[in-house]
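Okay, so subunit A shows up in both of these, paired with subunit B first and subunit C after.
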Partner chain A sequence: MKVVGKPLAKVDAAAKVTGRAIYADDMLPARTLHCRILRSPHPHARIVSIDTSAARRIPGVVAVITGSDLPVKFGILPVTQDERALEHEKVRYVGDPIAAVAATEEEIAAAACDAIAVEYEVLEPVMSIEAALAIPKDERIQDYGGPNNIHKFVSLEFGDVDGGFARADNVREDVFFFQGNTHLPMEQHSAVATYIDGRVTLWSSTQVVHYVHRALAKVLELPMNRIRVIGAAHGGGFGGKTDPFAHEIIVAKLAMLTGRPVKCTLTREEVFYAHRGRHPVLMWIKTGVTADGRISAMHFRSALDGGAYGSYGVASTFYTGALQTVTYDIPAYRFEGCRVFTNKPPCGPKRGHGTPQPRFALELHLEKLAHDLGLDPVELKRRNFVKPNTRTVNWLRVTSCGLEECTDRVIKASAFHQRKRFFGRGMGFAISSYLSGAGTAIYWNDMPHSEVQIKVDRGGVTAFCGAMDIGQGSDSVLATIVAEELGLQPADIRLVTADTDTTPIDLGSYSSRVTFMAGNAALEAARKMRALLVEAVAAKTGAEASAIDVSEARVGDCSFEEASVLAEARFGTLTTAGSYTPPKIAGPYKGSGVGPSPAYSYSACVVDLDADARTGLIHVNKIWIAHDVGRAINPLLVEGQVEGSVYMGLGEALMEEQVFRKGLHKWPSMLEYKSPTFLDMPEVETFIVETNDPEGPYGAKEAGQGPLLPVPPALCSAVYDALGVWIDEIPVSPEKVTEALRRKEKGEPPRYGPPRFPSIPYPEAIKVQPPPKDFDAAAATI
Partner chain B sequence: MKNEITRDVERVVLALDVNGEARQLLVAVHKTLLEVLREDLQLTGTKHGCELGECGTCTVLIDGRPELSCLSLPIQLQGRAITTVEGMASGSELHPLQTAFAELGAAQCGYCTPGILLSARALLEENARPSRDEIREALAGNLCRCTGYTKILQAIELAAERMR
Partner chain C sequence: MAEEHGARAMFVAGGTDLFPKLKRRQFEVETLIGLDFLPRVIRNGSTECAIDAGVTLATAAHDSHLQAGFTGYAQAAGLVSSPPLRNAGTIGGNLCVDTRCNYYDMTYEWRKAAGFCIKKDGDICLVAPSSPRCWAVSSSDTAPMAIALDGVVGLAGPEGDRELPVSALYRDDGIEYMAKRPAEVLTGLRLRKSANTRSAYVKLRRRGSIDFPIAGAAVAMELDGESVIGCRIVLSAVASYPLEAAAAEKFLKGKRLDQETIREAAELAAKPAKPLDNADLSHFWRKRMVRVVVEQAIQRVSDQRAGFGG
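Now for the complex of A and B:
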């Protein structure tokens, strides 16, 4: 390997460090109009009337639109098309968009929004999971789902759960709560649209140009070939720019109406309300273990506070129950999940999508079980680790699995078992797993999930792919793979990415799918191109094709340029294509589509901290993290993803929370919404573990999300280690710690967390037979 | 609070020294330096994350000291030396901080990078040998959501070493 595995600078590094990269808000085409959106001040209300006449009279206002201009509903999932770009009947959270103005200046647009008179009939807001489960005082938030404000139920049972519990020597139940939090990308969402010759072009800070393309076509009622979506340089997403957003549709509509470019950049406050972040999840978990510390059955319940709309919520709900089995061998498993609507900004996918919450619960719960049994928690977990090349009880296919090695690395490096025990100092351990891309597409189809084209001519090599680099380095991964196969350097490869007009499809930067899927597509396209070059050189020089080495900018005895001239003369235009379609590995049951992935990454983590019993303050000293990435295509970028994930996990564990008072966000600013600064971030020691996945490109798996997952539970275990109290609720604020200590002193259970799990009318579980014992786990596709 | 528009916005002629160039422009008196840089001078390398003085993304140097451009009024800055990320390289040669950030992967999405580069440059000009804690202290006002800060710290240390 010449470039794969090397810590090379990112291909866009120079553009990023010089300020040359053009983000959406940096664009200002001539005659651009500025758009501002009027948003609901009420969490729940019917719209009686909207009067825009005063706004229209303001000089400088060019267009004003309301819901009747954009009546078609959209939504990221086909089953929940419940959003409108502008609502004209009912608003469901503070921040729901109602009207939009395009004006010559942003201040004029803002003033015009204030001049719009909206008459509301205020309805009782539903602000908690408990309230959503109850009969609504006025009316339901959405007119689908139910009973009450329940959006979605999931109820699945794999194997003989009752039998498993009967077999157990020890059974334990716990309740946990993971507070919601938000992505807080440094870049505020922004979009610019033009309408020229009957075609809409939209530049946006999106993670998924394709889904924005689809939503625009639907709502604007234009064929997709009349719309072009281009991903501008991206200022951070973390899942928060994965839905199609109202402002993207609005600027396109306003551009169509005015014939001028229209730009909308959300204010930071609006970004907090746009949200789509981490669901608050209440969880109940019950596990049976035999005397030798083996899990015999598990029952997991989740209740997700979804906010006002569907977003990715159906998938999020499934995800709260899907991946427990991918780290631990659970022979019988029941999962009951439920998502409710509340009058808050919609929740959706944030780094780890639906899985950090159950991972937090599962890891802490097993920790407690180990204490019950008098076992070392690391040992208890190890006894139940899944093995490579197996099928889980819920039919998930596990291939490469580096759990053991990850655990070894962090346990050894941190001297976990040799740690000095004294009050106020603690260490905690946790593991996790995440997808390398979802195995099924968001909308049902049989087409590839990623496609790459390569063109070689006298100007060099260009690779085309719809993938969107959101800072994680997907452009660099593509360039590295193409360069490796063609014997070049990544900087030699020109890239055209994330443009629906010029690039073949890629489903976008979410679910940690790009390295695996676009990487495999790039590998196929590059290998085909390499074969053409080799064949041409072989024909010219008489050398055996198999003896021709492609490296160091040479193809056998020819320079790369000479080889490309020979090949173009021989074959005509030199283009090749590759695509990637995940294997059909989902289990034979309804709802099996969420959870399967062509490969799972694994992580293990140890947190070392000081906890002050007097103040409840926690100071993290160091974090060790090992991540099974399969193969690091660029170790520098993998480390960056791991460190960034750990950082974000630590923020969620210690301070980040998205909470509301009477429908209003309590802290919609970067000062009040606490996130870790340079001063809060401890030293992180990263170990890259390579298990060489059989299906990943060069063996690679994901790195961008998985390493977040073990941090919150490892931190809480460390708090227990330090102070002897369990904090069963994220984030671990000083008040929770001191309250738990106070309870401990009073002789109450030494714990802070939700007292109970509500009674939820889950439907009867669908019983699913686990895969047969002799099932060829690794190879089988269904 | 309602937004108001006064039709007759007062405009002033400003003489600004930006990256060593004397620039004259006519702008609305209430515009922030951030707006003037980005909108009137097309220096879009300076980014913003809040426009309220809370994130550090919009940091520029004024007479060599880091300042938040979203809170600065250009009318008060005439005669002062304003440096933005566009002014960091000399010609096509990158500043050692820029090179180190690129080499070590200290810029992921790159959105916080211009502000952090400028804060770091101010630090290194004052203190050629900062300890890690001194770097943390100097950069505590610059948020980054991507990197977890580790690679940024390493890159600043590498640049400091090369600059000595």
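Now for the complex of A and C:
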């Protein structure tokens, strides 16, 4: 390998650090109009009337639109098309968009929004999971789902759960709560639209140009071929730019109405309302273990606070129950999930989508079980680790699995078992796993999930792919793979990405899918191109094709440029294509589409901290983290993703929370919504573990999300190790720690967390026969 | 000029608090009067130090004379916000910094949705709706320390120049929080101490940087060997003005600084602190933490005396 595995700089590094990269908000085509959006001041209300006449009279205002201009509903999932770009009947959270203004200046647009008179009939807001489960005082938030404000139920049972508990020697139940939090990307959402010759072009800070394309076509009622969506340079998404958003549709509509370019950059406050962040999840978990510490059965319940709309919520609900089995060999498993609507900004996917919450609960629960049994928690977990090349009880296919090695690395490096034990200092351990891309698309179709075209022309190589680089480095990965196969450097590869007019499809940067899926597509396209070049050189020089080496910008005895000329003369225009479709590995039951992935990454983490018993303040000293990425195509990028995940996980564990007071987001600002600063970030020692996945490009798996997952539970384990109190609720704020210590002192259970799990009318579980134990036999049954 | 424009004008020095507030429409003015032309000098003496109001917080924090002789003040200046803001923000600005409340420090749209509060555009206090006054919190790190170090500010106005002790500069009101007349400019600060005065400032906030204080203790102590000759303890962020802990000061006078005495003094100092639910973290926790920050600040002063360093 010449470039794969090398810590090369990102291909877009210079553009990003010199300010040359063009973000959507940098764009200012001539005659651009600025758009601002009027948003609901009420968490729950019916709209009686909207009067825009005063706004229209303000000089500089060019267009004002309301919900009746954009009545078609949309939403990321086909089953929950429940959003409107502008609401004209009912608002469901503070921040729900109602009207939009295009004006010559942003200040004028803001003043015009303020001048729009809206009459509301205020309804009782529903602000908690408990309130959503109860009969609503006024009316339901959405008119689907139910009973009450329940959006979605999931109830699945794999294997003989009751029998598993019956043969357990020890059974334990716990309740946990994971508070919601938001993505907090540095770049606010921003979009610019033009309408020229009957065609809409939208530049947007999005993770998924394809899904935005689909939503625009639906709401604007235009054929897809009259809409072009281009991903602008991206300042961070973390899942927060994975839905189609109101402002993207609004600027397109305003451009169509005015014939002028229209731009909308959300304010920081509006980003908190756009949200789609981490669901607050209340969880109940019950596990049976035999005397030798082997899990005999598990029952997991979740209740998700979904906010006001569907977003990815159905998938999020499934995810809270899907991946428990991917790290631990659970022979019998029952999962009951429930998502409710509340009058808050909609929740959706944030780094780890629906899985950090159950991972937090599961890891702490097993930690407690180990204490019950008098076993070392690391040992208890190890005894139950899944093995490579197995099928889980819920039919997920595990191929490469570096759990053992990840665990060994962090336990050894941190000297976990040799740590000095004294009050106020502690270490905690946790593991996790995540998908390398969702095995199924968001809408049902049989097409490939990613496609790459390569064009070679007089020595120049251009790769075309719909994948969106959101800062994670997907452009660099594509360039590296193509360069490796063609014997070039990544910087030699010209990239055209994330443009629905010029690039073939890629479903987007979500579910950690790009390296695996676009990477495989690029690999196929590049190998085909390499074969053409080799064949042309072989024909010319008479050498055996198999003896022709492609490296160092040479193809056998020819320079790359000479080889491309020979090949073009022989074959005509040099283009190749590759595509990737995930294997059909989902289990034979309804709901099996969420969870399968062509490969799973694995992580293990140790947190070392000081906890001040007097103040409850926590100082994290160091974090060791090992991540099984299959193969690091660029170890620098992998480390960046792992450390970024640790940072985000720590923020969630210690301070970040999207909370509400009197129906309003309590602190929609970067000053008041606390996220760690440089000074709060501890030293991180990262170990890259390579298991060489048989289906990943060069063996690669994901790195962008999985390493976040073990951080919160490892931190809570360390707090217990330091102070002897369990904080069963994220974030671990100092007041929770001091309260738990007070309870401990009074002889109450030494714990801070939710007292109980509510009674939820889950439906009868669908009973699913587990797959055959044998890997190949299981594969044959699908 | 300020007199002529009245409430429609404001002074601006560093602008680190003012500009975001203009954007959020907490301040709505037509004219800003820049103070960049004022001198920016620190004049050191052995028992007195005069600092021009336009000196940046970063300069004050790094000034070796202040660090050595007025330690607590340099510490407080160095703990304000973040490095970029300390490079722009001035010591005069920090003395005048607006009181804070998380019902008030929000955008116009948020405040409109919440219902405007008494401090801007409304008529009730959202933290304490039954109270007739505003409970926004004094959030200056340097003001309590300036009081503890017997500071005096210079004010220049249309009616002439005058001096005012920093302790008389503030009022117990979230809106009219300064005794300075609107058209007066704060031109400088004089800190005063005896040869044996030691000082320290301890700030409590969620993160290592950026955040305003959620509790803070400024302690200046004149020591004769082991015993306390005189002492000032002033708290930040627990009231609408820097709150002087008179009972604790009285208690410490003449006492030897041992652990028990420090604990008792901290207990006394914390008593008058009344944090409300309008800043970060719970006010119950913040109330309990006042004791801790006071104890830490006294401990640091005590450590300096013993040569342990700040």
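Quick note on the criterion: the second predicted complex is superposed on the first by the 774 of 782 C-alpha atoms of A that agree within 3 Å, B and C clash if a C-alpha of one lies under 4 Å from a C-alpha of the other, contacts with A are read in each partner's own complex, and residues count from 1 in each chain.
The rule we apply is simple: contacts are C-beta pairs under 8 Å (C-beta built on N, C-alpha and C of every residue); 3 or more make two chains touch, one makes a residue touch a chain.
Model, not experiment: these values are computed from the prediction.
K.L.:
After superposition on the shared chain, which partner residues are touched by A:I135: those of subunit B (first), subunit C (second), both, or neither?
P.N.:
neither
K.L.:
Return first, second, both or neither, reflecting whether A:V48 touches subunit B, subunit C, both chains, or no partner chain.
P.N.:
neither
K.L.:
Who touches more of subunit A, subunit B or subunit C?
P.N.:
More residues of subunit A are touched by B.
K.L.:
According to the stated criteria, A:K674 is in contact with first (subunit B), second (subunit C), both, or neither; which is it?
P.N.:
A:K674 sits against subunit C, while subunit B stays out of touch.
K.L.:
Look at A:G473 in the shared chain and tell me whether it touches subunit B only, subunit C only, both, or neither; answer first, second, both or neither.
P.N.:
first
K.L.:
With both complexes overlaid on chain A, does A:T267 touch subunit B (first), subunit C (second), both or neither?
P.N.:
A:T267 contacts both subunit B and subunit C.
K.L.:
Given the touch rule stated above, what does A:L28 touch, subunit B (first), subunit C (second), both, or neither?
P.N.:
A:L28: touches subunit B, not subunit C.
K.L.:
I'd like to know which partner A:M655 touches here: subunit B for first, subunit C for second, both or neither.
P.N.:
second
K.L.:
Once chain A of both complexes is superposed, is A:S733 in touch with subunit B (first), subunit C (second), both, or neither?
P.N.:
After superposition on chain A, A:S733 lies in contact with subunit C alone.
K.L.:
Classify the contacts of A:L664 with the two partner chains as first (subunit B alone), second (subunit C alone), both, or neither.
P.N.:
In the superposed model, A:L664 contacts subunit C only, not subunit B.
K.L.:
Need the overlap of the two footprints on subunit A, from subunit B and from subunit C, as residue ranges.
P.N.:
The overlap between the subunit B and subunit C interfaces on subunit A comprises residues 267, 669, 671, 677-679.
K.L.:
Mind pulling up the subunit B residues that touch subunit A in the complex?
P.N.:
Where subunit B meets subunit A, its residues are 2-5, 7, 38-39, 42-52, 54-55, 57, 84-86, 88-89, 94, 98-99, 101-105, 107-114, 117, 135-137, 139-153.
K.L.:
In the complex formed with subunit B, which residues of subunit A make contact?
P.N.:
Per the stated touch rule, the residues are 7, 9-10, 12-23, 25-26, 28, 58-60, 107-108, 110-111, 113-114, 183-188, 233-236, 238, 267-268, 470-473, 636-637, 639-640, 643-648, 669-671, 675, 677-679, 681, 683-684.
K.L.:
What residues of subunit C sit close enough to touch subunit A in their complex?
P.N.:
82, 102, 105-107, 109-110, 112-114, 206-211, 280-282, 284-285, 288-289, 292
K.L.:
What residues on subunit A touch subunit C, complex-wise?
P.N.:
Interface residues on the subunit A side: 39-42, 94, 267, 269, 614-616, 655, 662, 664-669, 671-672, 674, 676-680, 733-735, 738.
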